[in-house]
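This structure is in structure tokens; I'll ask about it shortly.
For clarity, chains are labelled A, B, C, D and E in written order, and residue numbers in each chain start from 1.
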Amino acid sequence: MLKIDALTKQFGQNTAVDAANITVDKPTMIGIIGRSGAGKSTLLRMVNRLSDATSGTITFEGEEITALRGAAKRDWQSRCAMIFQQFNLVPRMDVVSNVLHGTLNKRSTLATMFNLYPQSDIHRAIEILDRLGIAEQAPKRAEALSGGQQQRVAIARALMQDPKIILADEPIASLDPMNAQVVMQSLRTIHEEDGRMVIANLHTLDTARRYCDRVIGMRDGRIVFDGTPEQLTTGVARDIYGAGSDFSEAATSTEIETLDRPEVREAEAFI
Amino acid sequence: MTATDLSFAKENADRLFQRKRLIGYAIPAVILLYLIYIFFAFDLPGLAGRANLNNAVTLASDSWSHKVHVTRDNRSGEITYAVEGERKGTYPEGQRPDWVTGDEVIIIDLGGNHIVRYLPENRTEIELPGFPMIEVQAEGRSLISNLPTDLPDWISASNRRIGITTPEGRITLTGSRTEVFNYFPGWELFWFTLDSPYHGQGLATILFGEQIDPARSNIAGAISDWWNNPMWRHKDVAWAIGETILMAFLGTMGAAIIALPLAFLAAKRFSPVMVLRAATRRLFDFLRGVDALIWTVVLARAFGPGPLTGALAILITDTGTFGKIFSEALENVDGKQIEGVSSTGAKPLQRYRFGVIPQVVPVLLAQILYFLESNTRSATIIGAITGGGIGLMLTQAIQTQKDWEEVAYYIVLIVVMVMFMDWFSGWLRGKLIDRKD
Amino acid sequence: MAEISLSGAPDSVDSIQASYMAQVQRRRLYGGLALLIFAVLMVSGFNVADDRNAGGFWEGLHQIGDYPADVLSEAWEKRADLPSLIAKYFPALVETINIAAVSTLIGAIGGLFLSLLGTRGLARWPRLIPLFRRVADIMRAVPEIVIALVLIFVLGGGPVPAMIAIAIHTAGALGKMFSEVAENADLKPVEGLASTGATWSQRMLLGVLPQVAPNYISYALLRFEINIRASAILGFVGAGGLGYELRNAMAWGPGRFDEAAAIFILLFGTIVFFDQVSSRYRNRLTEGQGQ
Amino acid sequence: ADITEFRIGILGGENAQDRMNSYQCLADYTTEALGVETKLFAPADYNGVIQGLLGGTIDMAWLGASSYAATYLQDPEAVEPVLIKVNVDGSIGYHSIGFARKDSGVTSLDDMEGKVFGFGDPNSTSGYLIPSIEIPQYKDGITMESGEYFGEVKFTGGHEQTIVAVNNGDIDGGVTWADGQGNWEDGYNSGALRKAVDAGLVDMNDMVQIWKSNVIPEGPVVLRKALPADVRETMTALVDGLHERDADCAYGVAAGDTLGFQPVTHDTYVSIVEARKAKIGG
Amino acid sequence: MLKIDALTKQFGQNTAVDAANITVDKPTMIGIIGRSGAGKSTLLRMVNRLSDATSGTITFEGEEITALRGAAKRDWQSRCAMIFQQFNLVPRMDVVSNVLHGTLNKRSTLATMFNLYPQSDIHRAIEILDRLGIAEQAPKRAEALSGGQQQRVAIARALMQDPKIILADEPIASLDPMNAQVVMQSLRTIHEEDGRMVIANLHTLDTARRYCDRVIGMRDGRIVFDGTPEQLTTGVARDIYGAGSDFSEAATSTEIETLDRPEVREAEAFI
């Protein structure tokens, strides 16, 4: 299905992603872990074509993604939704409009200008919001929502795209533990019920273990681990995070924002 | 969410989008309606018909080219050669351009096989490729020619006047005169006029070659001849630009000097007397509202035409503008510094000098310098009305439709001048505002 | 108890005093020189201007009220006609305002595109950013009168050349101000939209415009104010509107001074009116932003 | 009373700097004759010179007849006319010429009914004052009010603008000045039309004359009355003798070939002043 | 020396200072404490004549301060320096110029307009700065200095006035503990070495105790305590701060910015 082949991205001297190879055969929920600067965001951005690869290819269902240009590229983007750490919504616009932005690729600029979304799309947007439990927020401005709600709006926008793949770049890093849990659960549900592929960058080992079918570890731009959550032992994690022998689960957790508060532990334990 | 709730949410969303669409349509619709109204109010359909694109082409091509006139006075038979047909551009006696040959019969080679011959007895022969030879005889007021009745549109002919426009040049014939205009690219005589010994000399010759004019050294002579060039008048142009910048400078700085103390009167913090404050503010509004244009006219009676009048007009308007801006800046000063200075027993003036001025200086300087730049542009326009500076030269050059290369020259100079002032004021702003007090 | 001077002074007080005095001397010198240069520039500039002016400043000063007195006394004599004259010139005023409004509108749209195309992070063609910036600079530098006078020759007199001239200048001026605003725009929504496959125009329309609109409108209003004056002035040199009427009335001189006064009242009233309205509205726009 | 400088105002149909250049020789002679510095000023329009003369900031100028009348009407004590230009044929006048585009089908004022008519500058004698009085005398029913006989009456701002406006079709007919000598196809011997022809902006084959005024007296060279008598005498003599002394200079000052200047008094302009006064009333 | 007699200040209905009586016989270092709004600042401002008293008098060495007007008032201000919580320097001017502002009252207006001061004054300013340990900062702009340094510049300005009294309105409230200590120590040294009277508003009980010879407590505009630091028992403090029986030293300290960080305690303990 998705094949990433020797994908490399360089920023000047700095190699952010170094000859990454990933093959995915069927819709899977994949977590990418690695410490800050490992190249996780860069990798996802290349898959969505927000930035161009320096070399290497990405192929999806036989189509070479890295070669797409102009309208074809935008068409790919519409099939490959992206969710960001900071939500990246349009804050001054209402929630439904933000969700409808998922259909922009199908609409002309003029139609967007006059808000000419078909009624069926509007209704579908509400249904998606309802599925994510925030249908009542529909007429509010995005900026008026809490972080967790905003992230769910971002997921709704992604679903509105009806994508084959959903990419999520640290979707829960700005959220408190309760909201983080709701958002991850939503992604998991989407994966399971709709059979969409989900690739999420995650900062926390335990989240990756809990929600993903497959975990990829990156370090200094290279893929240093690729396996099931079960294979992700403390020793492997130590490698990924490049920590010494004093490494412990707790250590990664403390490094990671969502877990540096004790409540998180409690919240997750309580699930 | 229950099914009814959901359909309610959907209805709500539908209504929301109805409303948004309405606004989405209304704004462009209002703009469009307004533009349609303007379309007719400004008579754009009529304008399209009236617009004279030929004029535009003539002007555009004239702005980067020049023409040399070869004129035969049909009464005296005298032939003159002149750049742009101007006295100052006339070839001296015995000289003529090298594309004119012959003595009895003057042969003018316009290039591209376009040849005009001035024959004796006011006869003229015009040879154009792909067109039968045209012969014209001038007799008294009328012209006798072999032109057919069915003419291409580049020939305009009556029995009194014939005009021929070709890509190589233009020929006009009337009873009294026969004239050929040969077009060349470039701004002819920009450096030296024909009567200067340096005309046609290369830069290297002037700089390093032998002395050309026995009376003067090459460089001094060349500079003086260029500076005093009677056609392009570089000296006058330089003066005019200087005058324009001077108007802007005097006006802006004078306004700032006058506005600063007045602004204290208009600022609530410093002027407790309400009546005085209101009066000062109204004065600022008045000065600004009357506008430099009208001040120019008012002042012209008292001071006559010239740069001073323009400078004063700018000064008066900007006093109003600065007064408003400065007093706003003064309202926003930080009271702590003033209090600190007051607590040492400082006298009122000292309080302003150390408590207020250091705070407002950056704002003031930034504004003053910004206005210096924009006033350079205004000074161009005001000069055109009050009679001074590059603005007057430009408007006159345009209105008398003389030489469009001159117009182009002035336009380039004005744009360069304004861009220079823009850069300069930005540079000065950076220098001054970062500086210690 | 601890010593007062926690930061031990390696330099002796003497050397600090000496170097500070040197600095003060230098500053006084530069300050004095700058002041002197400024004063010399002002005085000599004034003298040059005074010299190149037909009338001198001091001789003319007492006559400054002559012209307004002529105009006002005649207008006062014929004050009964004033209302009808104001009504007569109202259409010309409308034309002047229309010129300003259309050119602000067109200029703002032009400035909008120039700013979006010339701002890093937003530009459609990032490599062309310097080009669009230079274009804006040049459009800003050309005084309206230049374009207007040239266009009058091609298009004939009337409001259109003035409108085009002002619009060009406005586009350049607003292009610069707009792009200063656009530079500070938050790019996150733009990236979010890009990830859905939105085109450039959709990204700008939905991601950037809502953010910058209040500032853009505020600047456009300020420009409208300026353009009303510009359009009156251009009328003075041949484009239509109130400026044209004013010039004719004033050129004719006595006998028509009542007309001049009526036009003047209209013009003054309009400028003050729009000035007040727009500054009030602008304040509200930029204040509302804090929330 | 002594003067410290002498200021000459210039008005006319030529580029300001060209005018300044043509007048430079006169300024030099003036400096020589009066022993004070002489300055030249070229305001943007007629009104600039009039205001200068009234405000006492301009001492001498060569006005148009109507501009003189305007000055006289605002302040009879401001200036006095001293000299008038003599044409090559000995006449001291010129004409206002009405003209239109040939392809517009207009051949006379009769055809202008309902069409757009253009004046030049409101202070111009030939561009406004005389035609505004004489055209209504052409036949009954003609007035110079917009919308009465003519569809619209406009001011173009100056002679040059009128010609361009007619040529472009902005206005259907307009008035400008010409000496009325020589041939129509050349744009006459001198005048605004001739200049436009020489510049290549109009082709006289495209133009027709639709009206011609009676002879209009040339404008006077005026001196400010407040000037000391000896200064006035010196200057009058200087300009009067200019043609004999330096024909090239006189050519530049008079903007063309002339026989020089001859004395003139206010009487020559009484009718013009009356006409202007009448216009104010109407 | 200084006698404050029934001094009262009213702002509309609100009585900020209510018939305050204070008599000081010899140069003393006095601390005024009281909670926010007690009228401490208002009292000092009336002494400096930055604001006028509603009623009552201030007498200094037989001269009635409250009756002074115009030049005489400014002369008094020059003899009675004031130091502010926010330093109230001119941030864009250099340190020495700020110190020289202390001489403004003695110098002609014209000379100072152009920033012209006699060399002897400049030298003295630098000596004062040296005494306060910040002579090297002399040519810098005031805004480039740290808070503690700025407050010392303010003290230098005060000293430049060669005043009989220095009033300090919460001089250390904006400073971190280290700087607070330096500033209070400077004031104490000035008091001891030069024999100048110092009156400082203080937020913290312990600072008042540590540095002052005499402590005045204010509450709701009235003087409710006037005695030595030793007399300032917890019970008295409870009265001044209007606290209940749960009041403890720690409670006032926590209320007070400078002491709400643990390091302060350590820093002071270490002295």
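Just so it is clear, a contact is a pair of C-beta atoms (placed from the backbone, for glycine too) under 8 Å apart; a residue touches a chain by one contact, two chains touch by 3 or more.
From a predicted model like this one, the values you see are computed outputs, not experimental measurements.
Chemist: Which other chains touch chain C while also touching chain E?
Modeler: Chains in contact with chain C as well as chain E: B.
Chemist: Over the chains that touch one another, what is the least number of steps taking chain A to chain E?
Modeler: 2
Chemist: By raw count of C-beta pairs in contact, what's the busiest chain pair here?
Modeler: Max contact pairs: B-C.
Chemist: Give me the ID of the chain with the smallest distance between its Cα centroid and the all-protein Cα centroid.
Modeler: Per-chain C-alpha centroids ranked by distance to the global centroid put C first.
Chemist: Centre to centre, by mean C-alpha position, how many angstrom separate chain D and chain E?
Modeler: 82
Chemist: On a C-alpha centroid basis, what's the spacing between chain C and chain D, in Å?
Modeler: About 38 Å, centre to centre.
Chemist: Cα centroid separation between chain A and chain B, in whole Å?
Modeler: From the centre of chain A to the centre of chain B is 58 Å.
Chemist: What is the distance in Å between the mean C-alpha positions of chain B and chain D?
Modeler: Using C-alpha averages as centres, the distance is 26 Å.
Chemist: Do you know which chain A residues sit against two or more other chains?
Modeler: 113
Chemist: Among the residues of chain C, which ones contact at least 2 other chains?
Modeler: Where chain C meets two or more other chains at a single residue, that happens at 52-55, 60, 63, 66-67, 153, 156, 158, 237, 250.
Chemist: Where in chain D do residues touch two or more other chains at once?
Modeler: 7, 9, 41, 51-52, 55, 57-58, 157, 161, 164, 168-170
Chemist: Please list, in label order, each pair of chains that touches.
Modeler: A-B, A-C, B-C, B-D, B-E, C-D, C-E
Chemist: Touching residues of chain D toward chain C in the complex: what are they?
Modeler: That would be residues 7, 9, 39, 41, 45-47, 50-52, 55-58, 70, 73-74, 121-123, 154-157, 161, 164-165, 168-170, 279-280 of chain D.
Chemist: Provide the residue numbers of chain A that touch chain C in the complex, in ascending order.
Modeler: Interface residues on the chain A side: 48, 50, 73-78, 81-82, 84, 86-93, 101-102, 104-105, 107, 109, 112-113, 154, 157, 161.
Chemist: Give the list of chain B residues in touch with chain D in this complex.
Modeler: 49-52, 55, 58, 85, 141, 156-158, 160-161, 163, 170, 174-177, 181, 230, 233, 236, 300-306, 384-387, 392-393, 395-397, 399-402
Chemist: Can you list the chain D residues touching chain B in their complex?
Modeler: 7, 9, 13-18, 20-21, 41-44, 48, 51-52, 54-55, 57-58, 157-158, 160-161, 164, 167-170, 182-186, 195-196, 198-201, 203-206
Chemist: Can you list the chain B residues touching chain E in their complex?
Modeler: 336-337, 339-347, 349-350, 353-355, 358-359, 361-362, 436-437
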